[in-house]
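Here subunit A shows up in two complexes: once beside subunit B, once beside subunit C.
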Partner chain A sequence: MKARWDLILIPSFVLSFMLMAASQIIFLRASFYKDLGLGRQGEDIVFTNYGRFFTDEFYLDVLWLTIQVSFLAMLFTLVFGFPVAYMIARLRSRWAMILLAGIVISTFITIVIKVFGIYIMFSASGIVNQTLMGLGILDRPWTVIGNDAGVVVGLMHFTLGFGVLVLYSVVQTIPRSLEEAAQIHGSSRWRVWARVIVPLSLPGVTVSALMIFNMCMGAFTSAALLGGGRVFTLPVLIQRVVIMEVKYSMGGTLAAVLLISVLLINLLSIYLMTRMRKQRLVIT
Partner chain B sequence: MTISTPAATSAPNGARRRPGFHFPTGKVSFYGFCSLSYIFLLSPLVVVVGASLHRGTRYTVVKFPPEDLSLYWYTQIPDAHWEALTLSFGLAFMASMLACVVGIPAALGLVRSNIPLKGLFSSIFRAPLQIPSIVTGVAFLQMYYLFGDLTGLYVNGTFAGLLLGHLFVGIPYVVGTVGAVLQRFDTRLEEAAQSLGAGRITTFRRVTLPVIMPGVYAGGLYAFMVSFGDVPISIFLSAPGFVTFPVELFYGMENDFNPSVLASSTLVILFSLGLLLLMQRIVGLENLLRSGGGS
Partner chain C sequence: MSRVKLERVVKHYGNVVALRELDLEIQEGEFLTLLGPSGCGKTTTLRLVAGFIEPTQGTIYLGNDDVTYVPPQKREIGMVFQDYALFPHMTIEDNIGFGLKERRVGREEIRHRVGELLDLIHLPGVQDRYPAELSGGQAQRVAVARAVAYAPRVLLMDEPLGALDLKLREAMQIELRRIQQELKITTVYVTHDQGEAMNMSDRIVVMNLGLIEQTGSAEDIYNNPRTKFVADFIGSINFLPAKIVGDDGEWSVAETVGAKVKVPKSGASSSSGEVAIALRPERLELVVNGGDGMNVVPGTISNKIFNGNLMRVFVDVGAREPVVIELPPADVHGETGDSVSVGWAPQNGQVLME
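After this line comes the complex of A and B, so read on.
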């Protein structure tokens, strides 16, 4: 008597597939309609929205800004996240679990609440500005709310915890014995980093970087709140166009551009992964 | 940026080390650098909890560190927050339960069947995680409008509408975590149970389910937390007066600022901590992470 596992799969698959296909097809189709105002849409397939997106400088600037802040947030996430991931992966004591728990806690709490904390810290009378002015580093209050720097900080709050967890699994694939071997043969710790740790983790880090970049491109909440209504990344603009301007088709077009950029980066990431697997650069 | 490996500094036979006392500059600055990330990630939470305890007068209501300690703002949490919290909790609970109902058979089917194009099937299950949430929100809203136009039944702004959207992003977590556990599953356990006379259902209930339970808990927890903290999907699918807690906070931040939001936020932080601790007790943190939440 053999269980028919393929039959068990069907109901779940149908539900997941229907939800995905229906929602994606409907919104992609609607992105070719024309907005007639007040939320009404035309019925004909036209390329007006896409034409506007790729000719209007405003939209192109938004896309470019989204790419820039995502890239910066990704870079900082790697720079700050990798050492933490390395440290946790190499700790032998129960501290490793405690430190991991700290990361998990921060990723589990909704970003809106964390933004409250950032608001309070960076307010004019907040702890950051009081300290920096008290030390004489700043003579005027400085804030991250409502500027590009703030958006990068917000994106990092979204990605750093996740980044550490992903990079942690990357570091775990590097056997500790390789580092010890390099040390026994006289490598300084700098040399161990330069010749062992970095080269061996590079493939995994590249794929992680693409994942983090993708998360940043699609991040809405932190970008919207720390942009303070003045900085528009693509996701922030989508919400505004749909909810405030009730232009569903233009919103759909923006969403389609975002979706396609993210999918392209994903394909690149999958391509790199398979190539690395073939060259046996990653141990999975 | 000075980086050292902890192993390098403590290795007694590490080369090029001068004898005598050696202040571990590299080690200290490495740990110092790592602690920056923790300060960055955790300080906003500490600040919210701290500031919620400050009573203050009208113009200095938000202060960290708190000086005028009191639980005053906890008594001022408006009804709208309690309603939003109840909705968020119910939604996250239902979404994670249903994600398990849909996700467990999916994982079993994906891992154990011999269907062709398995990779394609599993990437379709994983797809909702690749689609940015804001796109999912827009797409579901348009789908609900079209469905409403066709049938006269508009589900946007209803519990069912929100639930379907949250379920959509919750399923991949359960499929991922349960699938990861199943891949390590020793099928001889089931064969043993069946050869001892257990039926298929008994085998599943008494052998398979207990073994995959850590994966179910982990996936369910991820689905719960993703739903509980979501803004970009809920913001499109909720209606005025019927919003989830994060969306309520999101709109509240754009309008007036009342310190009672810090109090309700603190309750959410404590609740999330409690849930994580409970899960850690049940399955262990290692299981939560190893079963692949990042997938």
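After this line comes the complex of A and C, so read on.
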């Protein structure tokens, strides 16, 4: 009899499922009870937490801000990442491997260290502000720490390396000969982009964009550190509600809203993509 | 339609010399093939004409225009790529009409012209399909149609049949040649397949190590190879190591594997150094007795291979490799191990420099 090696997968599947699902279920379940303070919860199932979320402007603003900064960070990651990814994918020399290795390594450096780098550089007494003020370009320090722009920068710091890697693999699926074919048959560089590279990379870029957006929506560390305690995105707020205010139920509610809104945005994007594909606006 | 001319073109990649110094002229309406092993510079030459790369030195002309530094999109060239390079996100009509659209030709006219081109490549009615729905041979024909759609000055083809299987490849050779002759378009074709080169070309340029070894018609190159490399690359051939030892008026006399043979007079046959006598397998005979006026070299049959329409007989004559003779199977007398003589008419042996 043939050995059923695939059975080996069962324990790890059960374990991952338990860890993933169990924690989610406990959290989501908690969202239906009332916080009684000091971490205690009521016994009846109620929807007051959700009611509060959708009636209190503060919470809605937090959700909207989270979506905004995530969207901006995603957009800038694509804008800055795609040319880099394209260049590396089209390099013929071994520099391509060196650059990729550099990006992989920097991606695996913990975000805390990377964010502190920004912190030091952009703080009021940091090298950027000191130089700009020394040159008379700024008359008072400009900083990205503790405001929305800072959070976007922090999120980009988190996603850019990853974005370049994903986009690199997207560009690699477009044979160079297609660009040459377009060129020899009359396309300028600009037309090659418009008629070949953009349409052919669009599906891959869309998937990359969703991945980056999802990463941003759930990012805590960079948002918390560069937000400086003054900018609340949903993950930052969840941490605050759970750890500082010990309101597990409200924390669960916020987590549930985050999960569902990310899910809805993704489903909506996929739906739109499918519709465009059906109309042959995008290749399959 | 236009003549192409490369004048003293040199191409270096860093320290690597891809082309040493190339002079080449392609006549209007001519089908010229660049033939050689990989790394010989044939693809570099094609890409220089296309404009994807610029030469380190030298000048490239299309017609009378110096296009050395003109970008590809302004050269009015059509090109067929090895992997077809059809745009997967466009219909066949949009693929073939690609160059026309870049030249701002109107929709109706493109539609009409694409129809004509599909007739030319014998593939009518596929306008609305996508490249993924075509077979390899069909895709290649569409690629040709795309390349000639706007009547380019020159058509370039970079090993376009490399991805096809043998049968289809032979059919496509005839097809490509027909299209080329119908359009009378100047064509530069790159291949490493000598059969392909001989089947299609008006003229063949054999290249090796960044240099042109020989230029000529298929017959010319096959019958009168100028170097050992060309003789070896085109068709199969035997080389016998030899030394010129004399002159008997009409012929030069050479000594090879212990025998004296007559060879045609040529530049190489007046050399006093080591030479090689090149012998095509189909022009050799197994000589039973005498062999009047023929060159004869004794040996032993070491192997026989039956190939259907002919038999390949391997005869050990004391050279480094056995001499291969191709004969109709009925003409082969003798078994492996038998002593025989290999004979040939003097004019069929050619002396080449070692």
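By our rule, the second predicted complex is superposed on the first by the 259 of 284 C-alpha atoms of A that agree within 3 Å, B and C clash if a C-alpha of one lies under 4 Å from a C-alpha of the other, contacts with A are read in each partner's own complex, and residues count from 1 in each chain.
Everything that follows uses one rule, which is that contacts are C-beta pairs under 8 Å (C-beta built on N, C-alpha and C of every residue); 3 or more make two chains touch, one makes a residue touch a chain.
Computed from a prediction, not measured in an experiment: that's the story for all the values here.
Trainee: With the two structures laid over each other on chain A, which partner does A:84 touch: subunit B (first), subunit C (second), both, or neither?
Mentor: After superposition on chain A, A:84 lies in contact with subunit B alone.
Trainee: Looking at A:199 after the superposition, I want to know if it touches subunit B, subunit C, both of them or none. Which is it: first, second, both, neither?
Mentor: After superposing on A, A:199 lies in contact with subunit C but is clear of subunit B.
Trainee: In the superposed arrangement, does A:267 touch subunit B (first), subunit C (second), both or neither?
Mentor: After superposing on A, A:267 lies clear of both subunit B and subunit C.
Trainee: Classify the contacts of A:186 with the two partner chains as first (subunit B alone), second (subunit C alone), both, or neither.
Mentor: both
Trainee: In the superposed arrangement, which partner chain does A:45 touch: subunit B (first), subunit C (second), both, or neither?
Mentor: Neither partner.
Trainee: State whether A:126 touches subunit B only (first), subunit C only (second), both chains, or neither.
Mentor: first
Trainee: Among the partners subunit B and subunit C, which is in contact with a greater number of residues of subunit A?
Mentor: For subunit A, the partner with the higher number of touched residues is B.
Trainee: What is the contact status of A:164 with respect to subunit B (first) and subunit C (second): first, second, both, or neither?
Mentor: A:164: touches subunit B, not subunit C.
Trainee: Contacts for A:109 in the overlay, against subunit B (first) and subunit C (second): which applies, first, second, both or neither?
Mentor: First partner only.
Trainee: Touching A:18 in the superposition: subunit B (first), subunit C (second), both, neither?
Mentor: neither
Trainee: Which subunit A residues lie in the overlap of the subunit B contact set and the subunit C contact set?
Mentor: The answer is residues 180, 183-184, 186-188 of subunit A.
Trainee: Can you list the residues on subunit B that touch subunit A in the complex?
Mentor: Subunit B residues touching subunit A: 1, 3-9, 11, 13-16, 26, 30-31, 33-34, 36-38, 40-48, 51, 62, 64-65, 102-103, 105-106, 108-115, 121, 124-125, 127-128, 130-143, 145-146, 164, 168, 171, 200, 225, 228-232, 235-236, 245-246, 249-250, 253-254, 261-262, 265, 268-269, 272-273, 276, 280, 285-286, 288-289, 293-294.
Trainee: In the complex, go through subunit A and note every residue touching subunit B.
Mentor: Residues in contact with subunit B: 1, 3-13, 15-17, 19-20, 22-24, 26-27, 30, 79-81, 83-84, 86-87, 90-91, 97, 99-106, 108-121, 123, 126-127, 156-157, 160-162, 164-166, 169, 176, 179-180, 183-184, 186-189, 192-193, 197, 214, 217-221, 224-225, 229, 235, 238-239, 242-243, 248, 251-252, 255, 258-259, 262-263, 266.
Trainee: If you look only at subunit C, which of its residues touch subunit A in the complex?
Mentor: Its residues touching subunit A are 50-52, 71-73, 75, 77-79, 81-83, 85-89, 98-99, 102-103, 146-147, 150, 156.
Trainee: With touch defined as at the start, can you tell me which subunit A residues reach subunit C in the complex?
Mentor: Within the complex, subunit A contacts subunit C at residues 175, 177-178, 180-188, 191, 195-196, 199-200, 282-283.
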